[in-house]
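Single-structure report; data block below.
Chains here go by letter, A, B, C and D, matching the order in which they are written, and residues are numbered from 1 within each.
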């Protein structure tokens, strides 16, 4: 089988598990709701991304696609997309100098709609291409880190078009974040390091949807899981879920595997590295490459080397080894093939329908961050259930009315 | 030990597990934030309710308390409260004719603030005592059924004072609803019927927080759990959590234990009873006594009798037996002592702080349903964590700023 | 309903969940395999015991029944058995002075077969009624503590008739020990003390089948579970199952709930009491009343009193409270109705078939401790599966032969 | 990094997680308990095997090593072993014609002790090299399939030297079989096919230690798990563990993923293939390549092709696709790097100590299949616990005596 045949098979395999996207693409092809619209898309370039991009293109959009980070770019996929007529900006495919250059090039497409992994495109837009803002209908933002920032940006009165936050809605949080991150993170750690999870003392920083999924998955595999948090409600949730919760300084002393899933920075830093035992593994399953303070790790190391693919050993002055995975980038997209396609089917349907919603309704939407409408979320869930051959009940009239009025009698 | 000593011990035992309420009561006693305020409270009269009522009274409130349903009234507790100077309206303690009479009597207290289990007091207020509305500062509503209805009522423009919805906020949903309902429901079923959960085919109607907690708890005890739902997103969540999801008609044919947790009515009705096998158990763990259509169960039975305390056997025309627990009332408050006090510590702190918040801020609040403010929720969680001797991290300045601005570079 | 009607209902309720015993009793009634045999039975007198005793009687046996401990004797049941023609020796029913007297009276029945809960009857037989040994065909022993001792006794050459160890076989360990003990122990703790399991730091001593079941059930309810063990293989199993394992001295300092399930003595003793925090709960879910060193607890207390039914508070010199459940007797039979009848259906079928096997085969069996034959265990499982309407596969000829010869080729 | 450096790193990485083997190797090097002994070893040639082989060699043994199946042979490892002075018989390394030839060549080493993965070496020994039997001290057998056959062989009176069955003992069953198989099987399936486990309908054939581990791991990942069994006790265990149990014919109709873990043959065969839906995945996680009837799958296919590495698509006459992983060989050794080294540390310590035990004690052992002595198992567990920094309690004298005599009093 030739390399390009292998890539085609890989993409076709993924497509099997994405029935909602298949149906959506078919409708988009028939209705071309994005006809005449320019889209700039910032996204992980993995096999499961192809059905999203194909659906957007078949909907009539004029697309430029940018790989969201070098570690999450499958060059076979990027090549295949280029071969199939899409403009793809990705390491190895172009001679643009770096991430910033590629994002700027994507903006130079003069998009009507921006699809952003987090806030890379949008940040650069407002910082360096503000002249493009007036012609932008809206943007769709995939991750919670991006959504949180856009909320602040909107609160400060800066946002000048509507944004749909894909993250923050149940249709993404429950599936992609909690389940997808759990499966792909542990998959990647297993491939890269082959640990014995049973009995392992694991520390998970952050008990949001991603951290929760990871913590539960580790507990199910027999690990002794410790959670660190800054939010007391989530910390209490972790405690009452059976996890030990403690400050990161204390967790640093007992942990063997450390995983971040916070969307913030310096979660494990010099203060913690100094307390860690010999032989610990450091993993980011959150956002960007700043959750683990890699610079300090490198600066304080007497020695570093690659011991296995994507596994770097840093040895500190006392000879204690720390194994950093994927240079601190999210391990799930770097060290495995990302979330299972069967889940991305849901998230990418949300993404594609979010773009369609913007194109159809942007003029009537306020310049704030909007959740994907409830009925769109329900539509996706209904389509996925149908593909899984699951039927559910519907409320009858009396039941629908039941919540519509106050009762007179105690129940 | 005398009966009254036993009741005192029972209440004192509960108090051990409610450290947040103890601290709150102490502050309330010192600050008397409710001084001069009349409160009408509709609540389950169980041992764990006492710390709430004591805290409100010590805060200076002039209280009238009404038991929210006859099945959830512990007459020892009601008596003890009366002996300790509270006005208590409860079956057996007064000669009021029925639930409606008791609620009206509670309204006759001319409350400044209403604390409602669901919407019994508020419904009656708007239906029959509308003249009292102008002097009401606000209301605090405990359950989701009540909160949902108040939302509709407010949407329709009828609400004339602010309401705090205790339910719907994480501080209640995560703990009281999901964990508390799971523990108290299975506890009650065990006490009343002593089933073998391991291997039991159980059907849970509703995959909201309560249903989710019950479904997971049953699965942990070795049951084969089937979920029914009307909301496709929640149904998909149930499926991806490993549960079988099917229409209630299909579930009716295979289930052995049926539990409702929907907040709606007629969830299991004649259509389902007709399909059920001999010997099934029917349990409501949701709202009111309408989730199971008890009237139809009785009407279609050739025979019925009490076989064990709170267990009624209905035999249909073909001789098939259905065992109904607690006459269709929520089994957790009827058949056990309710949720663990250690959880009610959280919910009742929310309730008490909700009332204080209303008294202090009602004039500045819109006439809609409000969530308990984030910082109040965090305060409760922090207090509970402290009581559990759990410390957590705090974000540093750089981390706090990290979400405050858009990034320029991809991460 | 009269008291005796209520007892009849209680027993009839239990019978619903014991289909294997119902079928067995029917066969026994038809075949009377124990005709003319005298049996002395030492057993918990709970509702679920009735089908066992009825089956043995209907099999033709001449029975004397002795309640195995005062805390596990349901006086309604004992009375009902007496009213139905059985000779029952139980506290409150007779004027025998104590446990020893009752056991001796049971031996005075000159049994052909002894059915012993642990080794109470057999120990007394060899110590004080050795003249009865020659006419004894054999004995059936229910619990692991008893079976272990009988093994040593046989190893030392003292045993003079065959013993069937019901415990130690999969048909008992997997169901009664692991599942039954988990459900009934947590049920009893809940009824007696109403704890918040979610987030509770619980210590389980012993990771045999009973301890394992309890530890897993606690973890499922959100507790943070610590295990103590003396056997390194089981300790490693606990660690790799995700539990923290530590010496009891260390566990004593952090635990809030302590549960023993070891079959041995002094598991928690003065050394541990001295380290425990204020407010801990002490529970035995194993054997006898010696697992928790109650004498030392009492001796070192400055004060003790009953605060709730079956809950004794011991206050030490420093004012720290320890709450002991059921005076240190197994909490599951003392504080609830014991294991679910649906599981006792399996164990008591094993017990009844063990007695039948002894009567038919004792003369051909060595004077050692025997497991219940594999085919009898399979028969019970098959009957239970049938009652649960579960079908399974059977091996075909080729598959049966597959394990019968060495392979020539690597596979 | 050169290829050989990479292999060295790979082996060194594995060694980090095998502290028990490191200590054992050190003792073996000092004591050379196998000095002058010839060993023929049949084993998977994976990185984690190296510490076992190195330990045996350092113990003084004269080794010939044969890869147990072509799919479980890592050629880098085989090459590395050859480079380090061991005689390795493995596909690609030698010109022996097939598995049988390699095994015979291993026997031509005239071993004193045989270490067999299952019964490949032993079967061939008795069938074609019986003249070697008299000089053989004994054999150690790794898997349950092998152990079961040796038991039958011994029962039939054919065995002429003692065998130690590593499998069947807790030290292997609990860790390697249940935990190792679960982790490596799901890891391999994920790498090869990237499925969405959440919500997947999975069928596990066999509820022995391996199947149990797999079934539980799938349930933890959100799958809806069905179990098939032929043994009623294990089937009842599966049911009471919350799994649905049904005949394979019924399971075939609803499953999406099928995994065998039985140690037998034709578990999924033509009868089942005919009932399966389009798109199912077929996986063997048990023994050999006969659990799935691959020949029938091929014979009844209208078409077959490799769609991804180790994934073969068979399309039946009606166009329904079945995806077979690893040609029906155990997927965990074929599609991943096998069990986690941290677990093989335990199993290989058992294997190495089993060989030492044979060399020291064979003359005093009967010609049957022996379990690894209890104290050896405890020694391994103690060493592993020490490496994990876990301390446990020891019984005191009184506790040790407690089980040694019958009690006189009821407890």
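Going forward, a residue touches a chain if its C-beta (ideal position, glycine included) is under 8 Å from a C-beta of that chain, and two chains touch if they have at least 3 such contacts.
It should be emphasised that the depicted structure is a prediction, and the values quoted were computed from it without experimental measurement.
By number of C-beta pairs in contact, C-D leads when B-D and C-D are compared.
Distance from chain C peaks, on a Cα-centroid basis, for A. For the pair chain C and chain D, the distance between mean C-alpha positions equals 36 Å. Here the CA centre of chain B is 52 Å from the CA centre of chain D.
Those residues of chain C in touch with two or more other chains are numbered 175, 179, 196, 198-199, 222, 236, 239-240, 388.
Interface of chain D with chain C (complex): residues 42, 68-69, 99-100, 103, 117-120, 122-124, 126-128, 145, 148-150, 152-153, 170-171, 174-175, 179, 228-233, 235-237, 239-240, 245-248, 250, 263-266, 287-290, 346, 377-378, 381-382, 384-385, 388, 390-396, 398-399, 402-411.
For chain A in complex with chain C, the residues that touch the partner chain are 196, 198-199, 219, 222-225, 236, 239-244. Contact residues on chain D toward chain A in their complex (touch as defined above): 1, 9-10, 12-14, 16-17, 175, 179, 183, 187, 190-191, 193-199, 217, 220-222, 279, 306-308, 336-337, 340-343, 388.
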